[in-house]
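In the two complexes that follow, subunit A is the common piece, with subunit B as its partner first and subunit C second.
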Partner chain A sequence: MSSQQRLHALDAVRAFALLAGIVLHATMSFFLPIPAQDVSQSTVLATVFSLIHPWRMTTFFLIAGLFARLVIEKRGTRGFVSDRAKRIVVPLVVGWVILAPLTIGALIWGVARTADPAAREAMSAAVAAGTGTVGAFPLVHLWFLYYLVIFYVLLLAVRAAFSMLDSAGRVSGVVDKIVRPLLGSYVAPFVLGLPLFAVMGFDPRIVLMGGIPTPDSSLIPQLPALAGFGTAFALGWFVHRQLDLLGQWRKRWIGHLVIGLALFAAYSYLPGLKPGTTAAWLPAEWGTTPFAVCYILGIWYLSFGVIGAALKLCANESPARRYLADSSYWMYLAHLPIVFFLAAALAKVPLHWAIKFPLILGITIGVLLASYHYLVRPTWIGEILNGRRYPRARAASPQPNGPTGPKRGLKPRAVDGEFGAASQPQPSDATTAAAAAALAAEPPLAELVRATKRYGTTVALAGLDLEVRRGEVLAVLGPNGAGKSTAISLWLGLLQPDQGEARLMSRSPLDVEARREVGLMLQEVVLQPTMRVRELIALTASYYPSPLTVAQTLELTGTKELADKLASKLSAGQKRQVQFALAICGRPRLLFLDEPTVGLDVQARETMWRTMRELIAQGCSIVLTTHYLEEAEALADRVAVLARGELIALGTVDDVRSIVSRKKITCSSALPVGAVRAWPGVVDATGDHHRMQITTADAEAVVRRLLASDQNLRNLEIKQAGLAEAFAELTKEAA
Partner chain B sequence: MSHSIVRHLVVKDLRLAGPLVTGSFVLGVLSLALSPWSGVAFFVGGSVFVVTLVLLNVMLVSMSLMNERKDKVRVFLLSMPVSTSEYFVAKLVSSLLAYVVPSVLLTLAAIGLLVATPLPNGFIPLTVAVSVHCLLYFCVYLAFALVSDSQGWMTTIIVFGNVSISFVIPGLINMTSLNGTLGAETAVWKADTLGFIAIELVLAVVALVISFIVNSRKTEFI
Partner chain C sequence: MNATVATQLVFRSAGPMPMSRILRAYVEAAKYEFLGALRVPAFTLPFLFMPCALYLLFGVLISGAAPAANADSLPANISVYMMSGWCAMAAMGPGIFGFGVALAMERDGGLLKLKRALPLPAGAALFAKMAMAMLFAALAVSSVAVAALAAGKVTIGFGSLLALVGVMIFGSLPFCAIGLLIGAYFSGNASPAIANLVYLPGMWLSGLFFPLPESMRPWAVIWPVFHLNQTALGAAGVKEFSFVSPLWTGAVLVAITVLCTGLALRRLARVG
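Let's turn to the complex of A and B:
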C-alpha cells in the first residue's frame, strides 16, 4: 500500500470520526435531556450513541498524532507550530467566540422548553456549582481543539527534552520495538487501555458519563481525557515512525471490529442503557469495573477496526470522499448550534423519532455542506481550515494533492535514441510498416499503467508502464528481485497494484473473461503426481471454452510419448515440457512463459522454440521471462529490462544488440573530452587527458579519427562489451 | 459462476482425495468392528473412531488446500478462466463431500452397531454429539484454510481442535442429561444435548459463511 493511499484512507477515517460526531450529537435529545428532552424517546438512538461514542475521539486523536509527526517531518518544528497555530488555534479561538454563545443559547432554550421545573432547577444548580470551580470554562464541542493544542505543546516539550537527553534515539527505538509486535497481535488494547484504566477503572463516572467524561467545561486538563486521548495521540506518533504497521490494522480489521462489537454488546448489557445501573447478576463489590474493562477495551478494538476498515476499503482516491474529508472539519466545527437548535425546536413536535432524527441530520448536513461549498471551500476560511483554497470554478472537482511529479529513478534507457520510438515495431518495408501500424492501432493484450506494488517497505514495482501487443514476443529480463514475477502476477490478477492499473485483454485481470485467452507456464508448479500426462492436459483443457484436443496438444508440444506416464515418473525436463503443454492447451492468445527452457536438453528446447514460433505465426503473443539472453535473442521482438522494480531499458532485440555490440576505448590523449563526445559514433566519453574512456558503437571509425587527430595518443585499448556485461552494466546502474 | 468449471474442479478434488477418504473409511469401520468385543476394545475402538475423523479432517484440508497452495497449483488454476468464487465453491463442496459423506456413514454405522449389539443405546446421543463436534472442528479448520495462507494459524487451529475434543467428550459425559443415561437401554435425547448439537451446527455454518465473505473480498492470491 503506497503512502498516498494510506493518506487517503486516514483522511477518510478522520472525516468519518468527525462526521460521526454530528450523528452522535443529533441522537442526544432522544434519550437524554440535552439539549432538550424530546417527546419521542429512543433506545435505538441510545444504542447508536453508545456505539459511536467510545472510538470516535480516540480514533481522531490517534490520527492527529500520526499527522503531527508527518507535518513535523515535512515542515520542521517551526513550520509545524505555524501550521498548527493557523489550523487549530485560530479555529479554536475564533470558533469559540462565535459558536459557544450560539450553542449555549440553543441549549438553554431547549432545556427551558422541555425540562420540568425540578429538572431545570437541578441543572441550574449543577451549572452554578460548575461555574464556581477553578478553571471552569464552557469549551463546548471545541474542547478537542483545546486538547490538541495541549498535546502539541507536550509533544514539542518531550521532543525537545529527548533531543537533548537521548540524541541517539534509543528510547524511541525501544518504543518502536514494543509497538511493532504489539500492533502485530490482538493484544494491543490490553496494554493501550492501561493508562485510562488506571485513571478510571474504579471510577463510577465512567458509567454515569457513558465513557470518558467529556472535558468541555474546564480549562484545567482532565486526567481521564489526557490518559485516554493522550495515549491515542502518542500511539499515532509512534505508528508514523513505522508506517508499515498500518498494514496490521488493515489485515485485522474484521477481527478488531468483531471483538469491538462483542465488547460493545457487553458494556451495553452490563449497566443497561439507563445510566447508573448495573447488571443484577454481578457481585455488587465489583462495582463498575467490569463495565470499565469492556468499555476501555472496546474503545481500542473499535478504533483499530474502523481505521483498518478505512485502510482496506478507502485506500483509493475518490473525489467524493476527498470532498467530504475536506468539508468534515468545517462541518464538525459548525454543526452543534444547528443540531441543538433543531433538537430544541422539534422536541415537542408529536412525531416519531424515526422521522425527527433523520430530519435533524438531513437539515444540518444540508446547511453545512452548502455553507462549506459556497462560503468556506473557495475562501480564506477554507485556506485556514484545509490549508488550501479551491477556486470556485474547480470547487466541485478537487484535484489530488499528492505528488504528481515525474517518477523517481531511472527512466527507460534510450539505446541509440531508439527507445520510446523504438518500442514501436521496426518495419523494414512499406508492407510491414502497414502491418505494424495496424498492430499498433490494436489495443494491447496486456498492459501495466504506472503500476506500483510494494511488499511492506520493499518496492517490487515502481510505476511500471509496459504493454504486450498482439503477435509479439516480449522478453522480460532482469536480475532476481527485479519485479518480473510481480509484473506477471499483476497481469494475471493474482496480485493487485497498490497504485496504477493492470489490464488484460482490455479488462480487469480479475475478470474471468480476460483469462479465457491466456496460458501460463510457471517454474514451480507441481504436477499432480498421481495423474497421467494425458489426464492433466484433459483436465486443464476443460477449464477453457475452445481448447485444443489432448492429441493436438501432445502433437504440438512433442510430448506424445509422455501421454500415459504418471507425473511422478517424469524427469525435470519432461515436467517442463508437460507444463508447456498445459499452458498452450487452452488455445491462448497470450502466453506467459516463466523460464520455459530451464532443465531442457537441446532437442526438447528446439521443439519448444519451434512450437512457440508456430503459435506466434498463428497470432499468439508471448511474454517470456528468462535468464538466457540467447533465448530472448532467438525469440523476442522486444525486450524489457527491469531492475529494482523499474523499467530501465525497452526496445527491439536489435536495440539491445546495439548495447551488446558497443565497445569501450581507453586511451591517454590530449584531445578535449567534450569534443570527442560530440564525434559521430561516440555514445559517451568521460575522464581526462590522462585516461579517457570512450563508449562507441563504431569503434573502428572512432579509433581512426583518434589516431588522426592526436599524434601523441598512447595506451590505446579496445574492449568488446559482452552480452552479460551489457546487462550487468544496465542493472548495476539501476542498483 | 460456471457450474461446469465448479463440477470439473470438484471431480478433480474428489478424485485426488479418493485414497484418503477410502482409507479413513476403512479405518473407521475397523474401529467400529473392534468395539463390541470387550470394555477395553470399546474404549480403544471409540478412540480410534474419533482419531479417524480428526485424521480425515486434517489430512483432507492439508492436501486439498494447503499443499495446493504450497505447490503453486492454486496460482496456476487462478491464472486460468477459473474465478475465485468458482475455486472457493469447488473447494467447499469437494471438501464437505469428502468429509461429510464418510463421517456421516461412519456415524450411522456406529449407531447401527449400538442398536444391533448389546452395547447400551444410551451412547447414541454422545456418539452423535462427538461426531457433530468433529464436524465443527472440520468446518472451522476448512474455513481458516480457505482464507488464510498462514501455516501458524493452521497449526493453532489443529492444536485447539484436538484439545477441544479432549474437553468436549468428558464434558458431554459429565453433562447432567447424559451422565445418567449413557448406560440406558434406549437413547435419551435431552434438551441440553440437542442444544449442544444445534449450537455446534450453527457455529459450523457461521464459520463457513464468514470464510465465504472474507474470501469474496480477497484480491491477492500469492
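Let's turn to the complex of A and C:
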C-alpha cells in the first residue's frame, strides 16, 4: 500500500478513536452516577464502555507519536513547534476556558438532580479532598491535549539530547532493530505493557477505575498516564521510522482483535461487569494483578487490532470518511458539555436506555456535525484545528473535470499532519495555475510506480515505472519471464506489488469502478465451457455500464459464425478470437491484451489487428504484450522492453529499433577518443589508445573509417550492444 | 467488419454504473450459471432427477409393497420421515458439488482469475453459484414433495409440508458454504473425492432413510445433513422423528454457514 493510503487509514483510525470517545461518554450515565444517574441502568452500555475504554486513547497517542515524527520530518523542529502551538496549545487553552465551565456545570446539575444522597456525599467528599491537593485542576476531557503537549516537550528534549550525545543515531538504530521483530510477532504487547504494569500492576485503582486512571483533575503529570500513553506515543514515533511495519498490523488485524476480545472477556469477568458504582466493580476472588495483566495486554491487542483493521479496510480515499476525519477533532473537543447536559436532562425520564442512549448520541452528533459544517469548516476555527479552511462555496463550484468525470477530478488531499492537512497550500493564483497545468497533462490511464514483485526469491519486477497514456498503444515486449504478465496482473489487481504502487484510472485496481473502464484478454485461454459464445458476450457485457450489443461485438470481431457454438467446442484460435470479443464488449477505455495473437493464423491475426486499429481510432487505449517486434511495429505508439523485471528501453518503435541495431566496437588505436566521438554514426566513444570502446548505429562505416585513419589499429572487435542481446533472446524464443 | 457499426462506437468513460445495471449483472450471472449447470448431464442427473427417482423406488414402491400387517407397529408419520430424508439428500447435493467441484475446477483453469479481473459486482460470482444451487435444490426437493403428495404419502398438513420444503430449500445454503470451502482449499482433481466424503457418509450415517442402530445415534450429530433433516422435521411438527429442538439444529446450520464461508473467503482472498 502506498504511503498516501497508509496515511488515509491512520487518519481514519485517529478519527475513529475520537468519535468512539463520544460514544463512550454517552454511555456513562447508564451505569455510573456520572454525569447523572439514569433511571434505566444498562449492562450492555457498561460493556460498550469497557470495550472502547482500553484502546481508544492508547491508539490515539500511538498515532499522535507517528504523526509527530511526520511533521518534524516535513517541517523541521521550528515548524513543528509553531504548528503544534497553533493546533494543540490554542485549542487546549481556549477550549478549556469555554468548555470546562459548561461541562462542570452540566455535571454538577446532573449529579444534584439524580444521585442518591449517599453517593452525592461521597462525591463532594472526593471533590473536597481533590481540591486540597497540590496541582488540582479540572482539565476535563481536554487532558489529552495537555498530555500531548507534555509528550511533545519531552520528545523535543530527548531528541535534542540524542542529537548531541548520539549523533550517529546508534541508539535509534538499536531500537529500530528491536521494534521490527517485536511487531512482526504476536508478543509485542507483553513488552509494551511492561511500563504500565510496573506502575499499575499492583495498584487497585486499575480495577476501581477500570483501567488507566483518567488524569483529568491535576496539572501534575500522573505516572500511570505517562507510562501507558507515553509508551504508545514513543512506539508511534519509532513505527514512523520504519513505516512498512504498519503492514504487520494490517496482516494480523483479525488475530489481534480476537486475542484482544478474549482478554476483554477475561478482565470483564474478573471484576464482574455490572452497572452500578463502587462495590460491583471490585473483584471477588481475583486479585488486582491478574486483572492488570489481562487489561494491559488487552489495551495493546485491541489497539493493534483497530489500527490494523483501519489499514486493511480504510486505505482508499473516501470523501465521506475524509469529511468525518476532518470533523472529528472539533466534534470531540465540543461534545462533552452537550453529552453531559443531555444525559442529565434525560436521566429521570422514564424511558428505556435503548431509546435514550441513541437519542443522546443522535442529538449530540447532529448538533456537532451541523456546527462543524457551518461554524468551523469554512472559518478560522477550522483553519486552526485542521490547518485549512474549506471555502463554503466550494461544494457548489464546478470541480475541474478530469477525463474520468467530476467525482474523480477531486485530487486526494495530502494528509500530512495530525488533525488533517497541516501544510495544505491555500488556494492561490500560483496553485490555480499549477492545477491548470496538471489538468493539461492528463493523469495516465494506468501506471506502475516503482513496482516490485517477487515470487519467493525470484524477482519478477524490480521497481518498474511505467504508465499508459490516453489514446496510445503501448507494446510491452520481452522474453518469457521478463515480467510482462506480472505487470498486467498488477494493473488489473490480480496481484499486489510488494513495494511501490499500481494505479488504474487514478484509483486502486481493486476498485471495481476502475476496472469497469477496462477490457482484458489474459494469456491463459479460459472460457466457461458450458456457455455459448453469444451468452459469454452477453454475460461479460452485463458487467459494464454501457456495453456494445452482442451483435455489434460479434460483427466487430468477425465472430458471427461462432455465436451459437459452445465454448468447449471452439478451436484454440477461435477461443482467442472470442476472448478478444469479450475484452472489447464492455466498450472499455483501456484494453489489456496479453499475447493476443499467439496461436492465431495469419488471417485471424490480420483481422484482430484491423479491429484494434478501429478501436484506437475510436479513442480506446491499448496495452499489448508480445514476443513479436513486428506486432509492436504494426500497432504501437510506444514500446517498452522488459528484461528480468526491469525496463531496459522505452520509446517509439523507431527509437527502439535504432537502439537494437547498435554495435559496440573495441580496438587499440592511436586515434584521439574525442575526435572519434565526433564522427558521424558514432553514438559514444570511451577509453584510451590501449582500449577504445565505440558505440555506433553504423558499424561498417565507422570500421572503414577507423582502418583508413589508423594503419596501426589492432585488436578490432565488433559486438552487438546492450539491448540487442535482449532481442536476440526475444527472437530466439519467438522462433 | 462493418464500418457502420464501428463508427457508432465511442470508447470513453461511461460514468458510474447505474444500480439497475448492477442488479442486472447479478441476474445475468445467476441465469447463465443455472443454464450452464443444466447443460451438464453429469450434474443434472444425480442432483435434479435422482432424489425423486430414488424416493419413488424406496419410499413409494418398496415401502408400499411391504406387508400391511406391519403397518400398525410403525410409528405415525414414518412416510413423512422417508420423504424428508430424500428431500435432505436433494438439498445437499447441488451446494456441495455445484460449489465445491465447480469452483475448484474454475480455480484450476484460471477462470476464477479472469472473473477477479473483470468488473463483476462484488460477490456476483458467488451469488450466481448460490442462486443456481438453491434453484436446483428447490426443484429437486419440490419434485420429491410432489411425488409424495401424488403417492398419498403425506400424512401432515399442507402448511407443515410447505414448512418442511421451505427449510430444505434454505437448508441448501450451509451446503453451499461447505462446497465453497472445499472448492477454495482443494484442486479440481481432489475436490470430487472430498465432496463425496461429506456427501455419501452424511447420507447414510445421519439416519436420513432408516433409523440408526442405538450405538451410532449419538454420532449422527457430526453430519451437517442430520441437522438439516431435524430442522425440517421439527419445523413441520413431526414430533415422532424430531429428536433435537429445531432451534438448536438451525443454529448449528447457521454456524456452519458462517464458519465455512468465512474460512473460504479468507482463503480465496489470499490464493485467488
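Methods note: the second predicted complex is superposed on the first by the 393 of 735 C-alpha atoms of A that agree within 3 Å, B and C clash if a C-alpha of one lies under 4 Å from a C-alpha of the other, contacts with A are read in each partner's own complex, and residues count from 1 in each chain.
Note that contacts are C-beta pairs under 8 Å (C-beta built on N, C-alpha and C of every residue); 3 or more make two chains touch, one makes a residue touch a chain.
Quantities reported herein were computed from a predicted structural model and do not represent experimental measurements.
Ranked by how many residues of subunit A each touches, subunit B and subunit C are led by C. Contacts of A:587 after superposition on the shared chain: subunit C is touched, whereas subunit B is not.
In the superposition on chain A, contact is made by A:614 with subunit C only, not with subunit B.
Of the two partner chains, subunit B is the only one that A:496 touches; subunit C does not reach it. In the superposed model, A:543 makes contact with both subunit B and subunit C.
In the superposition on chain A, contact of A:705 is made with neither subunit B nor subunit C.
Once the two complexes are laid over each other on the shared chain, residue contacts for A:450 go to neither subunit B nor subunit C. Once the two complexes are overlaid on the shared chain, A:555 sits against subunit C while remaining clear of subunit B.
Common to the subunit B and subunit C contact sets on subunit A are residues 492-494, 512-513, 515-516, 518, 520, 522, 524, 526, 528, 530, 539-540, 542-545, 586.
Residues of subunit B that touch subunit A in their complex: 2, 4-5, 8, 12, 16, 71-73, 75-84, 86, 214, 219-222. Of all residues in subunit C, those touching subunit A in their complex are 1-2, 5-6, 8-18, 21, 24-25, 28-29, 32, 35-37, 39-40, 109-111, 113-114, 116-122, 124, 272. By the touch rule above, subunit A contacts subunit C in their complex via residues 403-405, 407, 492-494, 512-513, 515-518, 520, 522, 524, 526-528, 530-531, 535, 538-540, 542-546, 548, 552, 555-556, 558, 566, 586-589, 607, 610-611, 614-615, 618-620. By the touch rule above, subunit A contacts subunit B in their complex via residues 254, 489, 492-496, 510, 512-513, 515-516, 518, 520, 522, 524-526, 528, 530, 539-540, 542-545, 582, 586, 592.
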